[in-house]
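Structure, as structure tokens:
By letter and in written order, the chains are A, B, C and D; residue numbering begins at 1 in each of them.
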Amino acid sequence: MLVEAAYGKSSVRLVLVARHGDRHDVRDLTVAIRFEGTYDESYTAGDNTGVLPTDTMKNTVYALAARDGLNDPESFGLSLARHFLDRNPPLLRVHIDLVDHFWGRLAVGSHEHGQAFARVGPDTRTARVSGTRDHIEIHAGVADLLIMKTGRSAFAGYPRDEFTTLPETRDRILATALTATWRYDGIDGDFDTLFRAVRGTLLDTFAEHDSRSVQHTLYEMGEAVLRNVGAVASIHLVMPNRHHLPVDLSPFGLENRNEIFVATTEPYGLIEATIAR
Amino acid sequence: MLVEAAYGKSSVRLVLVARHGDRHDVRDLTVAIRFEGTYDESYTAGDNTGVLPTDTMKNTVYALAARDGLNDPESFGLSLARHFLDRNPPLLRVHIDLVDHFWGRLAVGSHEHGQAFARVGPDTRTARVSGTRDHIEIHAGVADLLIMKTGRSAFAGYPRDEFTTLPETRDRILATALTATWRYDGIDGDFDTLFRAVRGTLLDTFAEHDSRSVQHTLYEMGEAVLRNVGAVASIHLVMPNRHHLPVDLSPFGLENRNEIFVATTEPYGLIEATIAR
Amino acid sequence: MLVEAAYGKSSVRLVLVARHGDRHDVRDLTVAIRFEGTYDESYTAGDNTGVLPTDTMKNTVYALAARDGLNDPESFGLSLARHFLDRNPPLLRVHIDLVDHFWGRLAVGSHEHGQAFARVGPDTRTARVSGTRDHIEIHAGVADLLIMKTGRSAFAGYPRDEFTTLPETRDRILATALTATWRYDGIDGDFDTLFRAVRGTLLDTFAEHDSRSVQHTLYEMGEAVLRNVGAVASIHLVMPNRHHLPVDLSPFGLENRNEIFVATTEPYGLIEATIAR
Amino acid sequence: MLVEAAYGKSSVRLVLVARHGDRHDVRDLTVAIRFEGTYDESYTAGDNTGVLPTDTMKNTVYALAARDGLNDPESFGLSLARHFLDRNPPLLRVHIDLVDHFWGRLAVGSHEHGQAFARVGPDTRTARVSGTRDHIEIHAGVADLLIMKTGRSAFAGYPRDEFTTLPETRDRILATALTATWRYDGIDGDFDTLFRAVRGTLLDTFAEHDSRSVQHTLYEMGEAVLRNVGAVASIHLVMPNRHHLPVDLSPFGLENRNEIFVATTEPYGLIEATIAR
């Protein structure tokens, strides 16, 4: 009767300051932990014998960061996953989700400051480590990366029915809040470097593509990642279409030479796909 | 190489006012439409030949509501699903998600007003109609239903390790923002009545249960729905544990007789399960 | 050079459970405290000699609730204000802002449950206690009260210029998220009863008014409060105009008989006024 | 009886793309307009004779941007303010609030792309133009600028009472979401350059200051702006104290060498001041 179940702790906020003399490094993560396993009795009978409290999960995040340090989110997630799988017999599958909030150094004059930072956003870096005692997979990603192109974006040639009013366009704004998640083909790697390579490829391709639709550009972005970054096995992209509508200025005796737009949030198109080798 | 893909329109906001003389009925929906099918060429080659614009999807929501009226969200979703499946050869699977924002009538004196309303919330009613030309399924649900019990809630008997600091408790606050989604075993029914029956059972069970954990109460709530409402085939419940922590008053020379709590939002436990017949 | 300054603690979350046998009462407040006074040296010289830590302000909220109990938000705010004014010589003016999140009892069968609750919203009740050692004022309010009328709402007779495109309407939807704040003429009173009287008057008047504009209805609502509730000295109302736009169905060969609307959030009108005796 | 009143339009979203051959410039603004004047009859009698519709205000934003172009937010706000004051006899005082969402150019290889952009945030630039036919003032600002320093921040020497539990610290994290608003002493100027000068001074000072409290650093930041940027007449700073609490690792047999913190959002300190010449 209990078909599937999971429990865990979300929104664990960890800030780690590594102090190298006057130069500090900051890592700011939000961590979520999710357990799946032989926990049926806790649901059906209220038997907590094997149920590691989610409060202990939270404590473990802080304790492991303190004990072992913290390089990249992927490696930290891997340590957490292995720790939990090693210690908890009922645990069959664990998921560790991490959001990395990036703080850039402030520059004072021509020097980077060692101890002062500003958040760089609104996009975040993400990672997911998930698996069993036998097999673990690592996903990385970027979320809420707001990008816009004001040229080389069209949408035309689509079918029309009695409810179609959209005019075809050869030159529209294409704006999105990109969320991409990619799976690495192993659990080793220089994850910071890999992240920058994938993120750079996504942005370059978005900028350069002659877009016939969001779908068209999304696919090209994913394919370019697979082409450029050998460690990526597959990639999932989600691109909401944040419509920028040209304002009709004709009632005011003015012409809109494709310059004046209203940015809208509702409704929005939503396009997604997974591309794999 | 294109493993899976979907596209559609989200956050289509529809308010329908049905006017029966001086008495108006209001239905306030947010609709999302999602298409899956043989759209690969739109991704790989920018060929939009079969791609119904998401703008047309939006128009169709308004047109069908105007043409056919709107009873419950489930029936309206079913009309939309069938409309799109009938008209679009490349479409193989459609999902219609609906959020129903409930407006209750204002009372003036002892009378319900016919044309003035207040939003009742923060919870919403949800529905999902999804499927193919051969088979359609209907899910209904409730989202963000904030509930709290101040008695008959314990958490004890769990395993301890070197990172455990949580004290056992026989009498804690249990508070959650319930999201539940259940599948009906058919596509007919009095969906408004069914919704009230399921919602009522969830609330009654939450109130009455002797809780040994969130898991324990979650399961009991789901099982009670299956027991009481024959039309429900399965139910999925998500219950974030919104921790209410007793404040340590001892530094102030005061005792906390389980009365003074700080309500927290981060971190939070997250418990979920699917229960089926 | 320091023209004005203030400091304090915000978002202090307090839940108090008063236990009367099997029947519990819940009060759920968010409290903010703000100090103004002779604190210039803390800004200009980093001298913290007189600066009560905001952490202590937070502790005081919990300690006073535990020691003295908690009836209505206004009385609790008054206790906090007096406590801080009595103890802190540099403090010249204090503001205590309180948001009251209302939990209604769940009903099981025909009985109210003593220990199980659901949040009633999305609106909240607010209170502000502010003043000096010589004079304290109490404001109360309601925030985010979503109300809509589908009849007896017009907007016409306004001036037109070369940028006007809005058609006049005799029958539009009027929807708003009302925030109202009123000042009592003293610091005593049955604040729960007064709150219900003001809230009821606001809703009745909104429902019954023949509205020529948001301004027109806002004023009538405020005036009705002053007429009906003698303890109210003045009232400030803020009514964003959440536009519900009739959908143009003519491209689809359908007529919109003032029934089909798109609810919008951006842009919105914003109307406010203060009305006093 | 009508003590004060205002009405207007908020959240007008304008994106302007200026096309200089292959190189486009993007300006992305959210505009709010607020009218005060002799509009009492619209409130008290529903007389809309002089009430410029808020819909016309919105149209005017788009029309003026199309007709006159758009350099900086301050100049555009000034054009809007003058337009409304010139045309509307009942209007006595107008406020134009602008939020500037900055889009940076994507770099492809070593070249800036002419038509592809990414949002830089989460901070925004703000401007306010307000005044009468006789006198107009311009404020500029920055909002939600998330900054953190991991060294040279203390808080000690404060008074203690029976509710004080906060330990003194010589070395804490200081993190805030800075909102600053400053008034220029005239209505002319190179507002883009001025904005960069003020923003840079705020960041430099935050980085370099030996902080004894948020108040202390806030004042130093404001004073530095007045010292460095002659065009600024006064500045208001708001600095919520986003507490980063050291995690107690002693139950785990670990020492926290001021490295492991939990970032919190509730409750938070809130410090503000206005500094003028």
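One rule holds for everything that comes next: a residue touches a chain if its C-beta (ideal position, glycine included) is under 8 Å from a C-beta of that chain, and two chains touch if they have at least 3 such contacts.
Since the model is a prediction, treat every value here as computed from it, not as a measurement.
Colleague: Report which of B-D and A-B is connected by more C-beta pairs in contact.
Modeller: Top pair by contacting C-beta pairs is A-B.
Colleague: If you average the Cα atoms of chain A and of chain B to get two centres, how far apart are those centres in Å?
Modeller: 25
Colleague: If you average the CA atoms of chain A and of chain D, how far apart do the two points sit, in angstrom?
Modeller: Chain centres of chain A and chain D, defined by C-alpha means, are spaced 28 Å apart.
Colleague: Quick one: chain B and chain D, Cα centre-to-centre, how many Å?
Modeller: 37
Colleague: Would you mind listing the residues of chain A that make contact with two or more other chains?
Modeller: In chain A, the residues touching two or more other chains are 13, 59, 63, 163, 165, 251-252, 264-266.
Colleague: Which word fits how the chains touch one another: line, ring, star, complete or other?
Modeller: complete
Colleague: Looking at the complex, which residues from chain A come into contact with chain D?
Modeller: 13-19, 22, 24, 26, 28, 59, 62-63, 65-67, 103, 106, 108, 113-119, 121-122, 145-152, 173, 203-204, 206-208, 244, 247, 249, 251-252, 254-264
Colleague: Under the touch definition given earlier, write down the residues of chain A that touch chain C in their complex.
Modeller: 162-163, 165, 251-253, 264-266
Colleague: Spell out the part of chain B that touches chain A in their complex, as residue ranges.
Modeller: Going by the criterion above, the answer is residues 1-13, 32, 34, 39, 42-56, 58-60, 63, 87, 155-161, 163-166, 211-216, 218-219, 223, 226, 234, 240-241, 265-277.
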